[in-house]
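Just so it is clear, A, B, C, D, E and F label the chains in written order, and each chain counts residues from 1 on its own.
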Amino acid sequence: MNVVVRNIHRAETNTIETLGRLGAATVHEAQGRTGLMQPYLRPIYTGARVVGSAVTVLGHPGDNWMIHVAAEVVKPGDVLIVAVSSENTDGMFGELLATSLRARGARGLVLEAGCRDVREITEMNFPVWSRAVSAKGTVKATIGSVNVPVVAGGVHVVPGDVIVGDDDGVVVVPRRQAGAVMQAGLEREQKEAASRKRLAAGELGLDIYGMRPQLAAKGLKYVDGPIDWPSGDVDGI
Amino acid sequence: MNVVVRNIHRAETNTIETLGRLGAATVHEAQGRTGLMQPYLRPIYTGARVVGSAVTVLGHPGDNWMIHVAAEVVKPGDVLIVAVSSENTDGMFGELLATSLRARGARGLVLEAGCRDVREITEMNFPVWSRAVSAKGTVKATIGSVNVPVVAGGVHVVPGDVIVGDDDGVVVVPRRQAGAVMQAGLEREQKEAASRKRLAAGELGLDIYGMRPQLAAKGLKYVDGPIDWPSGDVDGI
Amino acid sequence: MNVVVRNIHRAETNTIETLGRLGAATVHEAQGRTGLMQPYLRPIYTGARVVGSAVTVLGHPGDNWMIHVAAEVVKPGDVLIVAVSSENTDGMFGELLATSLRARGARGLVLEAGCRDVREITEMNFPVWSRAVSAKGTVKATIGSVNVPVVAGGVHVVPGDVIVGDDDGVVVVPRRQAGAVMQAGLEREQKEAASRKRLAAGELGLDIYGMRPQLAAKGLKYVDGPIDWPSGDVDGI
Amino acid sequence: MNVVVRNIHRAETNTIETLGRLGAATVHEAQGRTGLMQPYLRPIYTGARVVGSAVTVLGHPGDNWMIHVAAEVVKPGDVLIVAVSSENTDGMFGELLATSLRARGARGLVLEAGCRDVREITEMNFPVWSRAVSAKGTVKATIGSVNVPVVAGGVHVVPGDVIVGDDDGVVVVPRRQAGAVMQAGLEREQKEAASRKRLAAGELGLDIYGMRPQLAAKGLKYVDGPIDWPSGDVDGI
Amino acid sequence: MNVVVRNIHRAETNTIETLGRLGAATVHEAQGRTGLMQPYLRPIYTGARVVGSAVTVLGHPGDNWMIHVAAEVVKPGDVLIVAVSSENTDGMFGELLATSLRARGARGLVLEAGCRDVREITEMNFPVWSRAVSAKGTVKATIGSVNVPVVAGGVHVVPGDVIVGDDDGVVVVPRRQAGAVMQAGLEREQKEAASRKRLAAGELGLDIYGMRPQLAAKGLKYVDGPIDWPSGDVDGI
Amino acid sequence: MNVVVRNIHRAETNTIETLGRLGAATVHEAQGRTGLMQPYLRPIYTGARVVGSAVTVLGHPGDNWMIHVAAEVVKPGDVLIVAVSSENTDGMFGELLATSLRARGARGLVLEAGCRDVREITEMNFPVWSRAVSAKGTVKATIGSVNVPVVAGGVHVVPGDVIVGDDDGVVVVPRRQAGAVMQAGLEREQKEAASRKRLAAGELGLDIYGMRPQLAAKGLKYVDGPIDWPSGDVDGI
């Protein structure tokens, strides 16, 4: 039941890089508001950014053995996704493993547990998203799997899916949908550029997006005010 | 029941700006340790700072429609307070809305949900306090209200109340008490400057604030020590 | 039952400083993966770092009286550990107390509650680890103790224990074990330097640490792949 | 600023009792899905149920003094709402206070902190909703207020508002809206009885509520299936 | 992208019923300690128990529309698994929907949000596992999907997987592995019965499972004691 | 560093039993409001109650090996306290271990992790306090210690301390203070009986405890009211 799959399918390089440039929020919208990992996964430093192909790791709480195993199958451009069999914050990933992964070509790591040596890893500019920062050390006692589908951050991740991470979070793009999502993202980017210009000039979203009739249909009422709401809990005593 | 109030009362400009200069901690103390929003509301970047008049928004989880509605009634110097009808972390506020609000004169936003595009909003230097950072997109399906009293961060906020936010959190000053709170804050500021000088010179709070008799009256005892507490859990084995 | 112990035993200066240089993660490993405070205790600014002898404070939620009492017994090189009798996030520590503690020689503070004035304390470069940031003010109404054993961050801390804090968290080294832990830490440091060089050159942990036979013995299997996992939840519809 | 208001307005007895019979979920819906306290407030025993007029208490973490003060102004039929100035779980309410409140006619209590003596209070059949169960004792050191507006469970509660609590949570009905909410609740009750009968007979909500056209308009598609989703993470290895 | 799949594959009835009799803990162990939903999903009443085929629902926070849609495709013996696109506690499921589902043959429901009408649903003996209990009502505004793979409680659930729920939690058995898991579960049940008898007679697990040599090999040491640990924090003062 | 201490000191039987009769809340108060474990430790069934001598276990997340080891050193009347080296909810304790512990004379267990087989353990009437209920199985891979001081629920527990658990939580009484705490508890019990009678007769705590002068001295003001607080957020629109 515990298995390491040496080789995985990956999306096209060009698609991957474009998805990375678009960023997590745009990509998440472009694929119909799906695939976003839960927001407890935070970058260990501001400005962290990554895109790459998912190499998945299924490990156990307090045990980082399988990350060593995964280091062997990583190819340049990959991003490790480390799922843990139950909720845990131990520091499963530190500077030595970051050194090893970088040497093997990995671009970053997403971790359902804790990260340590965050000062050193930040200096290396190796992007990591984790549930916590913790110096807690781990053992190497129980085996898991590498490159099988896992659930991380509430999302089902299949090896080779495209991972897009930045300050806003981590999005998973199913490999075979990567091209279509990239197209939708590029279109969204253009549309947003147009909206941005109008909004910056002071136009209202209400007008740009034509929202007024819908709001009226839903029953939204306007009153002029001001209303003399009592201000302050003990006002009047 | 869903209503937009176009106009609100606001406190005096001078009072507002002075409260902003005093900062959240001093203002919170000056009004009798009340009005502080709960500490889960954090700035999206270090050094965020805002003061202004509350324009309130009552929305729903995963739905940011009413922020667009609020953009129309914002006046220069206002701060949006976005309450949500149940706990949620979806990214209800992003860079396009920030662009729109800034264009209309808003100074910042406090949000009982998630914020996205945090890199771009940080670059804009548009201060936001939120419950979470999340790329999760939202719909525009259910109407709410603008400029009615709301509860945000555990505090009752009335439109036109003064909002003071910085790294320490967000404080709400009831509009009609703003002048009195400003006075109390200025006095507190002076007193603290005097204490700071004495403390920096090595004097003790025990002496400056005359605490010794009270502590003795409460029964606090001093012993010289050192006591040979066993140090270490397995010491002696 | 409420007592202030004026004097405590401390570890040797050289040992203390060396432990500080090694940092929290290495020290925690060196003493057998014990003594780490729970990861909810976070530094108020990136890059905070401290080492020193524990002066302990046992206080109550919303009451910072005993920190003033502790300021009198602090000696240069000490670190305050402030435990609270029940979970609380109120801002028990601010810039005035930081000024006082620095004037008395304290190097930093670890706090089972909230910290405020974080901008000012960051500018002072006075390192603080806390459970939360909160402007919430506190009273001075109930006495506690100073320099008795306390539990903070889930760790039993005895006055005079060595406290090592950095971005990775806070570790407590029992005073009488400080020398032995320092030795183990120095050895670990050397071993890690050797591993780092090999890992940076692309060697695998699997080989450096001789893990392959153990993994095989546990039953880990390798398959070549790639496997055609369906990518995308609705792929194929 | 700390004040006890001896007398409050109350809603009509008949309205109050009817709202209690309707229960929290129906009343919450009947007033437009507003007024529900957050779900962390749970009854200390299954089957707890209360309705009455809010007597409000604003206290401090770890300090239950003001509940004693409130006991004097309680009238038969009242429900205490105890807000705390910051998040806390200490056992602010126990069997002695329950005995006192019952003797004065109070029907129950909602508490933004911890409850203790839960076995005894359950045997008394005195309904309590709290954030936690905790034996942690409290002091009587800091004064607060009684019968001023407070925020509890995320809802603004004004003295005399109608409180409806049961296994589903606690709802606050503004006093002057109580009659209208009661009417809406009774209508809702009737409509639900009709729906219940049809649903129990196997009719679908899709048909009873006429949802099919809207779903189609939104773009919902039906496929016959079954689809051969791969079942099991490692299926096929 | 939003789709309802009318028909699904199901496991064999006999296998399903046997898995239900074995219960969540045994089934979870029997499939190699996988498939357990996270423990925040709790039954709304003690003694809740269910087994059946998963009909999956993907909905949105505060919106229960798709449960109505799912009611049409449910077959007798099914269990609904309701995933939500972001974390939410609103009361998406109540007594009317329970009445409808029961009438259509559903045996129970697992819900990544809140449940309401818990007294009525308990009286119906309709088992529900949820993240929270909340009276909060929901809208019917945004469509989702039925019978597509979802992630619920941190587990990937495919329509037709076998769901086993009881007081210990909810386990998902991939449909095609159901037979093998049942066999492993029956064997485990027998082995445990033998162990139980020996343990009840006072034999030690150390001897029954032959653990002593392994513990010695790992370096576990025994000392006779008793050790005079100082008992009590302030003992000796 | 990993050690099993076979024998421990225990308090006197009579003292232990009396502390158990007094219950957690009274004992916690009697020892000066100290020693209470944090309230996240909850009994797995209503009405659970235990008193006994602490046999301590220090284990690791997801690993219950050391409970088997502890079963050998348990004596009739003991209560196991299981600490875990980092936060975890895995089901480390189930019905087989409960059977074993009962056969060896243990009276109950307090567990910083998850419990499973809660139906069976409830039927056995074997009291357990845990952080969670979870069917998640565990391994037996890493050794820990038995009968060394541990921190559990935020309290330092020394082997042989008296553990008092009931619906209100778990209190730790240092062994050498057990007699004094018992005396203080018996006195408190008597005083409370007197207060209870007066409170039940409708007397106020304000008078029984003589609180009125202190409240006045602190500045509490009374006003007659009623005050016409606006009731309802949108009242008046």
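What we mean here is this: a residue touches a chain if its C-beta (ideal position, glycine included) is under 8 Å from a C-beta of that chain, and two chains touch if they have at least 3 such contacts.
Model, not experiment: these values are computed from the prediction.
Most remote from subunit D, judged by the distance between CA-atom centroids, is C.
Of the two chain pairs shown, B-E and A-E, the one joined by more C-beta contacts is B-E.
Interface repeat of A-B: among A-F, D-F or C-F, the matching pair is D-F, sharing over half of the residue-numbered contact pairs. Rounded to a whole number, the gap between the C-alpha centres of subunit B and subunit F is 37 angstrom. Each chain gets a centre from the mean of its Cα atoms; for subunit D and subunit E, those two points are 28 Å apart. Among all residues of subunit B, those that touch two or more other chains are 1, 3, 33-34, 85-87, 89, 134, 136, 142, 149, 156, 223, 227, 229-230, 233, 237. Taken in their complex, subunit B has these residues touching subunit D: 1, 32-34, 38, 85-87, 149, 151, 154-156.
Across the complex, subunit B meets subunit E through its residues 60-62, 85-90, 134, 136, 139, 141-142, 223, 227, 229-230, 236-237. On the subunit C side of its complex with subunit A, the touching residues are 24-25, 28-29, 33, 36, 39, 42, 46-47, 166-169, 171, 192, 195-196, 199-202, 204-206, 209, 211, 214-215, 218-233, 235. Residue ranges on subunit E touching subunit D, taken from their complex, read 2-9, 34, 45, 65, 68-69, 71-72, 89, 91, 94-97, 99-100, 102-104, 114, 116-119, 132-137, 140, 142-143, 147, 149, 156, 158-161, 174-177.
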